[in-house]
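To keep things simple, chains are lettered A, B, C and D as they appear, and every chain counts its residues starting from 1.
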Amino acid sequence: MAEFIDLVLLAMLALTALRIIFLKDLFAVVMLFGIYSFLSALIFVNLDAVDVAFTEASVGAGISTVLMLVTLAMTGRKEKQSTHSTILPLFVVLVTGAALIYGTLDMPPFGHPDNPVHQHVAPRYIEESPKEVGLPNMVTSVLASYRGFDTLGETVVVFSAVIGVLSLLGVRRTKKKDLESGLETHKVLHVVSKIIIPLVILFALYVQFHGDFGPGGGFQAGVIAAAAFILYALVLGLPKAFAVVGPKFLQWMAAAGVLLYASVGLYSMYKGGNFLDYNTLAADPIAGQHYGIIIIELGVGITVFAVMLNIFYAFGSQAERSNIQ
Amino acid sequence: MLEQHLTALPIILPLIAAPIALILGRSVLSWGFATLASGLAFLFSWQLLSAALSEGVISYAVGGWAPPWGIELRVDAANAFVLLAVTAISTLVLVYSKDSIEKEVKAANHSLFYTAHLLCLAGLSGILITGDAFNLFVFLEISSLATYTLVSLASDRRCLTAAFRYLVMGTIGATFILIGVGLLYMKTGTLNMMDLAVRIDAYDSSRTINTGLAFIMVGVSIKLALFPLHMWLPPAYTHAPSAVTAFLASTATKVAVYVMIRFIFTVFGIDHVFVDMGMGLILMALAVVAIFKCSYMATVQSNVKTVLAYSSVAQIGYMILGLSLVSVTGLMASMIHIFNHALMKGALFMAVGAVFYRVGSVDIKAFAGLGRKMPLTMAAFTIAGLSIIGVPLTAGFVSKWYLVTAALEQGNWTVAALVLIGSLFAIVYIGRILEAAYFQKLPESRSSENIKEISWLMLVPMWVLVIANIYFGVDTSLTTEAANSASEWLFQTNNILENNMVEGNSQEVSS
Amino acid sequence: MSFILDYYNYWVVVFLMMAGFYIVISANNLVKKIVGLNIFQTSVFMLYISMGKVTGGTAPIVVEGVTQYSNPLPHVLILTAIVVGVATTAVGLSLIVRIKRAYGTVEENEFENKDDAI
Amino acid sequence: MDFLDIVSSILLLAGVFFGFSGAVGLFRFPDFFTRVHAASVTDSIAAILIIGGLLLQTSFDLNTAKLVFILLFLLVTSPTASHALAKSARHGGLLTLAETSPQDKQESAK
């Protein structure tokens, strides 16, 4: 049954991708990309990667699509006829694809438990991590502890993204008068979003602190919390959102999250361990791991929340500016 | 305590300094702070190099998890040597950038510039030091994102399209590396480079691993701007702010070259790459074409930054040529050239940036008559230019010397001759600029403008590099010693790996 | 037949990757290029997740009575890679917004004509 | 197969039917407003039926509570989204079929 679902989803993905190649209406292209993202999230669930599916759904289908739509609002939705020749790209793609297919012929068969991937390195995570790290969710253990340095890098990547977006677009405070949000008259939206936003934030907190036991963690939580504020900004307009959390404050928050993460590493160095060695954080190694993971997940959550919201602010204030002009 | 963590510090320090530089906010404060952090990173990498030269490999398990379960940082003579060049250039460029950036970047973006610079430095150090294939991808992306930001900070609108093209090409390259690492992981079950090396050797020829190798090579080639994949480099270097060009031209591509060396020599093994896959010939052919095509392109450009950008692609050709010779001397030539080229291009781009600062243009016509007006800047340009050509008593001569020696060792007269002919092109493109600067008169229209020498804050770092160019051209003991032990080490690991392979095989059998 | 069952997943994923790659290098519109880049990357994520799957396994969260778990390592790697992807997308899109403002177009061949080559 | 399973299957199948008919309506209906109508109305009933069917499959534990929350959330958001869509379309000047067709007739009469 799982194979059947897999096949159907893969077929839908292939159709979506083909449609995107030939469509000229960029609005449809972006919506199809959102669908593509959701479909791949479903595949991830089907392949047991629940954490990844969660992230893909909130980031690929959520944040990325929203950002693309805002961009389209400023750049126009029609793709013009290309004058490029399609032969060279087609040739490059065919060669690359042929190389990959050639590479698959020697691959370990799909889903077989004897594959090298399941025999080396990973068994330790599966067998030992509940004892060594003390968390039932192995993905969180590996993410935050065994490969915590990667996750620090990931947080810094997000931080670099906001540096890039801010230097390119900047966030302008628009005066209230300038702005006539199209949604000002939407009474229904106002009421409903006021009910939903607190719930979404509550859910974000649940995802943040429940990530040790189930799917979720700082990253997903940050994105969900940012989504709540994005909804607020969309419905009530950017100036009101700025009054709740200003862009300058978000910059500090983004930096603070990275610093919080790194300071756990520095503290463990101070305690005599290596960088990010949580065992040294408390007398009992398991308790130390627990503290370490909670704090760094919080750091990730804070940075991701601040960065995603600030990026949206930057795009949103650009869009408003081009509307006014 | 610092001794113990020396390996991790050159990454952690700029990584932590970056958000602090953003919080400081004020231009001068974040400049001072960034320079300080980068200077400290330079001191640490200096110590790291001497430690690596005396002790050999230093391994550091992040999080206290032993490799291959945790992420390993691994320093040896080779990467410590490149790291030294990167942190040194970064510090000098930061000193230089204060005035230069004030002119070329909007005031609101100054602290963002320093933050991005530190992030880029952290990413590059991470790429060099990490011993984990996926961790390398993460740091690659940190440095790339910071680089796109840095390039797009210039005031000319063409920097935007250049940055976008760079972003698309760079992301394709990174994704190719991701695919390659995935294929290797699929076949071996590990991401740690040393562990990968041992386990790859257990497979004599596997299609999956060969495909993985090909994808990693293409991905890294995009990042290091190897000949047919170099299209992103000239526009990006031309339109980026001068300080950024000086930093990127002397570090980013070099780090990518090192990544290629590392994958070839310590992960896949020479036999696999050069004997079984026949990559040596491909790399050599591409390197030779790069040297000639791009040196020629450099002679016909009118924008001096573009001239130097094409020259960079040609010089990368020399580095790849060195490693494609597959000998200790050849690899040594590559390593020395990585270091020396960083010194030359840093100085050259700083001088060009100084001209832009005063004249407001980097067209070759704008250089007319500057020899009198800005004597120190143009003297620096001249010496660094001679170094690019490979005139004796400059650093450039040393790298060319070892490259030619390596070629002659193998009796490869054609390559040796090609290297020398390539230098003739350098005489042409550097000569054109010098001719304009010294033998042409300042145009009438400009004689009324007050063009004078730039401030010492820009001159000092430029001259430090120029003096380094001469110093390493005369006293070659440091560079050759480091490069020699680096390349011997790289060949040695390869041999160790082959021995391990036998052990690995026997283990496989026994288990 | 078992050959096809063993590999069909990878083949479809390769097709998806190449579809994304084709969009990136052939599209003239910059927004579409970014969409292509995202499709390319998302498909690579599927390659990783496919190799972590164990038939008959469950998600790698400890549950009483389950012995066979799928491999958590690819999941961790891809979580990181997704984040890297969205970061690149955000920077790319903001570059597009600026290009639109500077050139008035986001079609590659149109703004290329507005500047001299290089 | 006990009684609950049968009921749950019927609910699921009915949900699938409504979802499918909504999709057909989305493709076959002539203009924006009728399409939104088709999509939103069937969407709500399909969500109720499918989640109802799933509820009967659980053993009334934490999962049940989560499903109820999802249902509540969908019941609030999906009509709101359709409302916002239709209102924005109206705001942007899109006319319904009834408003446009008389003009069409007049034009064709000419």
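Annotations for the structure displayed:
Keep in mind that, in the parts below, a contact is a pair of C-beta atoms (placed from the backbone, for glycine too) under 8 Å apart; a residue touches a chain by one contact, two chains touch by 3 or more.
Keep in mind it's a predicted model, so treat the numbers as computed, not measured.
The count of contacting C-beta pairs peaks for the chain pair A-C. Centres computed as Cα averages put chain B at a distance of 28 Å from chain C. Distance between chain centres (mean CA atoms), chain A to chain B: 31 Å. Computed centre separation for the pair chain B/chain D is 57 angstrom, with centres defined by C-alpha atoms. Multi-chain contact residues of chain C (touching two or more other chains) are listed as 17, 21, 25, 30, 51, 73-74, 77, 80, 84, 87-88, 91, 95-96, 98. The set of chain A residues touching two or more other chains comprises 100, 104-105, 107-108, 115, 117-118, 121-122, 125, 147, 150, 153-154, 157, 160-161, 164, 168. Residue positions of chain D touching 2 or more other chains: there are none.
Interface note: chains touch in the pairs A-B, A-C, A-D, B-C.
Taken together, the chain A residues at the contact with chain B in this complex read 99-100, 102-108, 115-122, 124-125, 145-150, 152-154, 156-157, 159-161, 163-164, 166-168, 170, 251-252, 254-256, 258-259, 262, 265-266, 269-270, 273-280. Those residues of chain A lying in contact with chain D across their complex are 182-183, 185-186, 188-189, 192, 195-196, 199.
Taken in their complex, chain C has these residues touching chain A: 2, 5-23, 25-32, 34-36, 38-39, 42-43, 45-46, 49-63, 68-80, 82-91, 93-98, 100-101, 106-110. Touching chain A in their complex are the following residues of chain B: 1, 5, 8, 12, 15-16, 18-20, 22-23, 60-65, 68-71, 108-109, 112-113, 115-116, 119, 122, 126, 132, 134-135, 138-139, 141-142, 145-146, 148-149, 152-153, 179, 183, 185-191, 199, 206-212, 214-215.
Interface residues of chain D facing chain A in the complex, by the touch rule stated above, are 73, 76-77, 80, 83-84, 87-88, 91.
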